[in-house]
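Remarks on the structure that follows.
Just so it is clear, A, B, C and D label the chains in written order, and each chain counts residues from 1 on its own.
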Amino acid sequence: MQLKELRDIQGEQDARNIALDKVGVKNVSFPVLVMDKENGTQSTIASVTMSVYLPHEFRGTHMSRFIEILESKAHERLSPMMLKDIAKSLCEKLNASRAFISFKFKYFIRKAAPVTGIESYISYDACYEASLDLNLNKFDAVTGIIVPVQTLCPCSKEISDCGAHNQRALIDLKVRTKGLVWFEELIEMAESSGSSPLYTLLKRPDEKFVTEHAYNNPRFVEDTARELALKLDEDARIIWYKIEVTSCESIHNHDAFAEITREKLN
Amino acid sequence: MQLKELRDIQGEQDARNIALDKVGVKNVSFPVLVMDKENGTQSTIASVTMSVYLPHEFRGTHMSRFIEILESKAHERLSPMMLKDIAKSLCEKLNASRAFISFKFKYFIRKAAPVTGIESYISYDACYEASLDLNLNKFDAVTGIIVPVQTLCPCSKEISDCGAHNQRALIDLKVRTKGLVWFEELIEMAESSGSSPLYTLLKRPDEKFVTEHAYNNPRFVEDTARELALKLDEDARIIWYKIEVTSCESIHNHDAFAEITREKLN
Amino acid sequence: MQLKELRDIQGEQDARNIALDKVGVKNVSFPVLVMDKENGTQSTIASVTMSVYLPHEFRGTHMSRFIEILESKAHERLSPMMLKDIAKSLCEKLNASRAFISFKFKYFIRKAAPVTGIESYISYDACYEASLDLNLNKFDAVTGIIVPVQTLCPCSKEISDCGAHNQRALIDLKVRTKGLVWFEELIEMAESSGSSPLYTLLKRPDEKFVTEHAYNNPRFVEDTARELALKLDEDARIIWYKIEVTSCESIHNHDAFAEITREKLN
Amino acid sequence: MQLKELRDIQGEQDARNIALDKVGVKNVSFPVLVMDKENGTQSTIASVTMSVYLPHEFRGTHMSRFIEILESKAHERLSPMMLKDIAKSLCEKLNASRAFISFKFKYFIRKAAPVTGIESYISYDACYEASLDLNLNKFDAVTGIIVPVQTLCPCSKEISDCGAHNQRALIDLKVRTKGLVWFEELIEMAESSGSSPLYTLLKRPDEKFVTEHAYNNPRFVEDTARELALKLDEDARIIWYKIEVTSCESIHNHDAFAEITREKLN
């Protein structure tokens, strides 16, 4: 059997006259080395989605080439620039004018407890998303991170003789930037926008600090979204952002959320 | 204790000068009666998200009012018109200019096996999404349904001496319409776009039919998306659609997908 | 084409000499009417798993018969007795000596806010599980419900000058009983074992009550599990129970849990 | 503020007279180095659960010590022996007589396409679970791996004039062993028990091979479970196993499954 004997159905002409916005692969697990501010790189595992624009005249794309291109980058450091390289290769190898890529992965940092200073790992769900449009000669990259925080309800604190309901909340942040912004910087902005950061390891003096700090710093989901927006507005490197804060209310069996998307004017 | 004594923190002024695109509740489970083409209504369970635009001058929204409005509709028939009523109430009770709502729910139909005709239930994940903008005097509604089908690979069939890999694929379809389009109609269009519909109950003659029908009707994810797009293009009631087909490839541990979004020109 | 012409591969002899503990179908969505203490029945949607023991001499089971038996019960009221009927039918129609069934479904109750008394829906994840062994002439049924509550940390309260971290926690309770125990009764026992029940709709006086009640009633996951165990120990109808409490810690990005299983001695 | 001033609520006496089977932490994300047959070790990310038995006389456990013990193993190679070390430390530091641990993680191997030999990564969901009982002086370890395969329906092939429905299926395998058994060995046994292994990267000659190989090798879920059981029965290192095969039927919107658990007699 010879490779060339096997008919290339995907490459045949298509008469339906319908172009497809995206055709590709998703949920590909892949080990990656991610840029790490403290250590240069860290090993993690990505769930990868890759697709291209398919013009109306072709019946299909060649799915195996997505994996070949991904494999060719196996030992490179994952960054927005690597996504640009992949996008270029996708356009070239698949005769496409546009390519779309996302890598989602856990990102670990060492975090010190606020009083005892004891360090432990804490993980965040991070992502890079990118698209390349050869016709417009435009490359677009989005950096994302989901940061869990505590939110303590200002209303509950105000109206109650003691205590205040609080809960874990997730800040889902995406940004477009001019130049590099570290995950650590985005995490710091997000964590300081809720009532308190979260920690994996807290001893009793730390737990006392976190409890009191949150109580003295009550934040609605609306407050958390706005506090983070203020910081992103002030940072000239951030040119676009989307914030979604979801609070797993400890008094309800449903969630509260707040959302804001902003394109900065130049 | 009197209600009026408890300070309304949410209603206070906010000095940060940041409006929020959406503030509200999500993942609220609620029993609903949905419009059903065969039986008038069917009982199902929705996961509800509701939010409003929050102008910069207010600190927060009043989350309990979302639930009060939802409760006030507890015995009404869920439809895009009911979402419009909810949106109006949200805008009114929360002094908002925009409201956003989504209901996601399982939708059941009775489906006859293709040869024996034996009927059984099969379920689909359906949704209604809507927004109301009082400033623009614009109500927008989207109807969605996720339809599982079989896709049988044309390439695998062509190059192989026998058999062809096939698998379950999900067609995630959203439409904007002029007038009513039944879920049953969207399901029929989607199911006829893959290699075969799925069934809950098949006897051997049915299984033979489904196997041979799929083998004689090979479809890539690209084909499935395009076949469905052709049908939606031909239906004058459909004014916008988004199709995403995801195929859980039986030869890979990742998925293939194709996506197309179209706004029809008038 | 005639049904009898199609060879019954599943019914053929198997020479591998390996019996299978369970063979069947899972994740079958099915609309059901569940026993409801207040209203007689409520409509909900179940995810159904059904299986049988397969002796070593048969190659396979007949998967379509599981669905036929389920369909034959479509308009009956779901209860442990209905599971017994299904189990009997499975054993009979599939020539099996043992059958296993589970139905998982959302269960709604109307709950009044603690001060204003305003009612709203709240949902719980419930289940019935059953097995029938014809050789031992033994029918076994388990009733389960997952009850979300608030837990407020006693340590955090004790060591902090103000406030205390609290969060949503899930009590996953399964029981074997002599005679009927309503979901409402299990929910009441579970909700009174945490720091506070949850509610879908709370006005400010209710939120004040819930906040203060939880603060005055601090409970570790260990406490919650034990408080519930005490109540189950005292109820003579309960002959076996399993409790797993999982607390979505608002100071950590991981969860705390406590587990206890007890068979009561007669 | 001094650590010793803060009252240790967890360490206080409990009067309820109820011991807890397990108390601990779950869903802790942690970077780990796992034993790798080809390369010595591989970097991956685990979701960790750790718990201990809590005697009736103590109110609670000390949750932070679980994390301290986990952190102390941060640079060691994950293996059943490391779980034994963790279990010993848990018992010692928490004054417990029993400890329970599980690590779940993705495990990657390089797999060659069956005809072209092109290599690519493929990932599996693996786990180690262990318990230590100091009273019984017993350490127990379970190794698990979930292996996706293709199953092609023998009945569909037999009764149809052409084709046969096939789909992705998951083999969830757990084993207790005497001595080391590599993940690679378990994967090989599982992959050869379905109709075909899966691959991340297949060129057309490979796809032809996989399609024909699966067609010539039809397997029910029952067959897949039994074929794997035969191999595990023959391997003297395996002293206990549990197999659950779940097939995402391409003709249904529900799944078929088969399950078998066996303790080997000595």
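Simple rule for what comes next: contacts are C-beta pairs under 8 Å (C-beta built on N, C-alpha and C of every residue); 3 or more make two chains touch, one makes a residue touch a chain.
Owing to the predicted nature of the structure, the values given are computational and were not obtained by experimental measurement.
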From chain A, the most remote chain by mean C-alpha position: C
Centre-to-centre distance between chain D and chain A (centres being mean Cα positions), rounded to whole Å: 28
Chain A-chain C separation of Cα centroids, rounded to whole Å: 35
Chain C and chain D: spacing of chain centres that average the CA atoms, whole Å: 25
Chain D: positions in contact with at least two other chains: 6, 28-29, 123, 155, 159, 200, 202, 204, 208, 253-254
Graph class of chain-chain contacts, one of line, ring, star, complete, other: complete
Partner chain B, residues of chain A touching it in the complex: 6-7, 9-10, 14, 16, 18-29, 51, 54, 59-61, 63, 154-155, 158-159, 220-223, 225-227, 229-230, 246, 253-261
In the complex, chain C residues that touch chain A: 122-123, 148, 150, 152-153, 155-157, 159-168, 196, 198-200, 202, 204, 207-208, 210-212, 214-216, 248-254
Chain A to chain D touching residues, read off their complex: 1, 3, 6, 8, 28-31, 42-45, 64, 67-68, 71, 74, 106, 108, 115-116, 118-121, 123, 200-205, 208
